[in-house]
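The structures come next, written out as structure tokens.
Look at the two complexes coming up: chain A is in both, with chain B in one and chain C in the other.
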Partner chain A sequence: MAYPSGNALYPNWKVTAWQELSSFKSLDQSGVNGVYCCLVQIQAPNPNISYTYSNAHTFYTDLIAPNSGSPQSAIFNVGGSPNPGALQQQITTATLNIVGAAPVFDGDDVTFLQVTNIFAGFNSVGALVLFRMNAGLSSTWRLVYYCDTGAGFPVLPNGGNVTIQWNAGGIFAI
Partner chain B sequence: MAPALYPKWKQAVWQEAHTAANDVSLDQGDAAHGVYCALVTLGGGAGQYTYNATHTFYSDITSGSIQGTPLQITAPTVSLAANPVAGGQGGLFDGNDCTFVPVTGTAVGALILYRHNPGANTTWRLVYYYDTTGFGLPVTANGGNVIVSWSPSGIFVL
Partner chain C sequence: MKDPLQQQDATALFNEISQRLTGTPVNIVRDIAVSILINAIRATARTRSDAEAQINEVFYRAKSILLDAHYDSVTGKPRGVFPYTQVITPPLHVEPSGGINPK
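Then we have the complex of A and B:
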């Protein structure tokens, strides 16, 4: 996917929905089984701290930056409460309602508090990634949606808050 | 109309209550849980079906509009493939062709695919509707066989 790439549902997530044995794919749960959002760095000069979308990506651990020593080195850190140190925020009040002829996923806006980059140097939020969490390992958290197009991108975090305000029509349609 | 995936089915595959009930998957090959194809007569009268985006279950198909006996799509597969409409990649559903033997009744104007389960037909989810003219539709049932030959590219992609 070349940049600017646009927004995409991860294909492996769509396929999963039709497979009997694949679990942890629903979008209407909360808490540990909810849908979460993280801020990622793309197109950084240093590939060790940069994520590049791929149709083949399936799980949270695929957000790895190539050749980096950290699985999530491209993800921004959230410094403030209620989850200091967390890399993601839940999309609360998640709904999946039919609008017209398509199910639309929607939820509350998300505010990341006191966003910093855990790595020095290039420091720009270029994309959002939504994933379906579960109580197991992050290698089982399914990637759902990639978004690098929208008003406000890129964001240069300075330790302040970053608020993600979804489109009034919803986050994405299927 | 253009072929359509029933919106209620698309919604159900991402709702916990339905995925946990195991009644939405497309990759099951056994007769009880397979995907079936029905031939239907179109129209607004008795014994005729008209697509509606709110239709959800097999029981939403107008009584008497199904011609012959629905057939299971054997060897179902779910895989990744290019999506020629939306771009990028999507999930592709494919399976073996269906031969309906013999078919009598009135003209067949559309195909409806649905997901069977061992319960009542009020729980069999409608998946896909296809009524594009040409490529053999509509077809008049005359007591002979009706062969549904899917595109080499697959049945549908989302």
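Then we have the complex of A and C:
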């Protein structure tokens, strides 16, 4: 299998498997503790409103754009404005399988309803991010997987739905 | 912008024709569309000047919709006008072994 060049698991999530005390790291929970997906803007003409991946990013609140000295979220919501948490869809029926020797995470396709771009400059979905949510603050939601490579990127929101159709083989494997 | 086909079940008819034409080469689809347009004008225009006025109006509106609504005047790139579903199909990501992140 080829390695998609731009997709990556966040290293700080991987390392939690070695840490006894790291909480909210598992991917086999449901409801508020499930794995969720959000859409983010990258590579906008104005870099101040774009998210840039970093190996150092750990939590949901790292999904920000610089925005000229006043950081804002780079996540799309229903209205296209950067309102954290407003546009996130759960990966339902999350499954953890062993395929060959590799653990594979998989789940149902997700659909974001009526994605628009009314916020100035917020006009292109360039990536999606999976994170492990919990009932606490978004600053404790662990980033798991960053994906900006795949057919369909970038999406220019038009008020219609955006569907993420995962590969038949799964979402990611370690 | 309001979808110009949102009248008298025109959308349903448009979708039906579009489905029927799926897989047809673009140049043939274009020829069919123009032929339908010509027939429609021919059926209603009683004189040559009437026909000319009608086709001028249709193409003026078509050009406005195509260029003003469907393409961004600054970037020149196509843009979504009427809501429709878009699909992203990420590949299965296999994290490289050895602990070296591809980013």
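Just so it is clear, the second predicted complex is superposed on the first by the 153 of 174 C-alpha atoms of A that agree within 3 Å, B and C clash if a C-alpha of one lies under 4 Å from a C-alpha of the other, contacts with A are read in each partner's own complex, and residues count from 1 in each chain.
As a working rule, contacts are C-beta pairs under 8 Å (C-beta built on N, C-alpha and C of every residue); 3 or more make two chains touch, one makes a residue touch a chain.
It should be emphasised that the depicted structure is a prediction, and the values quoted were computed from it without experimental measurement.
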Note = Counting residues of chain A touched by each of chain B and chain C, the higher count belongs to C
Key: Which of chain B and chain C A:93 touches, first, second, both or neither   = neither
Query = Counting only touches as set out at the top, which of chain B and chain C does A:149 meet: first, second, both, neither?
reply = second
Ask   = Which of the two partners, first being chain B and second being chain C, lies in contact with A:101: first, second, both, or neither?
value = first
Inquiry  = Looking at A:55 after the superposition, I want to know if it touches chain B, chain C, both of them or none. Which is it: first, second, both, neither?
reply    = both
Request  = Mind working out whether A:8 is in touch with chain B, chain C, both or neither, as first, second, both or neither?
outcome  = both
Task = May I ask you to decide whether A:17 touches chain B, chain C, both, or neither, giving the answer as first, second, both or neither?
result = first
Request  = With the two complexes superposed on chain A, say which partner A:25 touches: chain B (first), chain C (second), both, or neither.
outcome  = first
Query = Residue overlap on chain A between the chain B contact set and the chain C contact set?
reply = 8, 11, 14, 55, 102, 174
Request  = Would you pull the chain A residues touching chain C in the complex into a rising list?
outcome  = 1-9, 11, 14, 53, 55, 102, 104, 111, 114, 125, 128, 145-147, 149-153, 155-167, 169-174
Chain A to chain B touching residues, read off their complex = 8, 11-12, 14-15, 17-20, 23, 25-29, 33, 55, 96-98, 101-103, 105, 174
Task = Enumerate the contact residues on chain B facing chain A in the complex.
result = 4, 7-8, 10-11, 13-16, 19, 22, 24-28, 33, 53, 78-80, 88-91, 93, 158
Residue ranges of chain C touching chain A (in the complex, touch as defined) = 79-96, 101-103
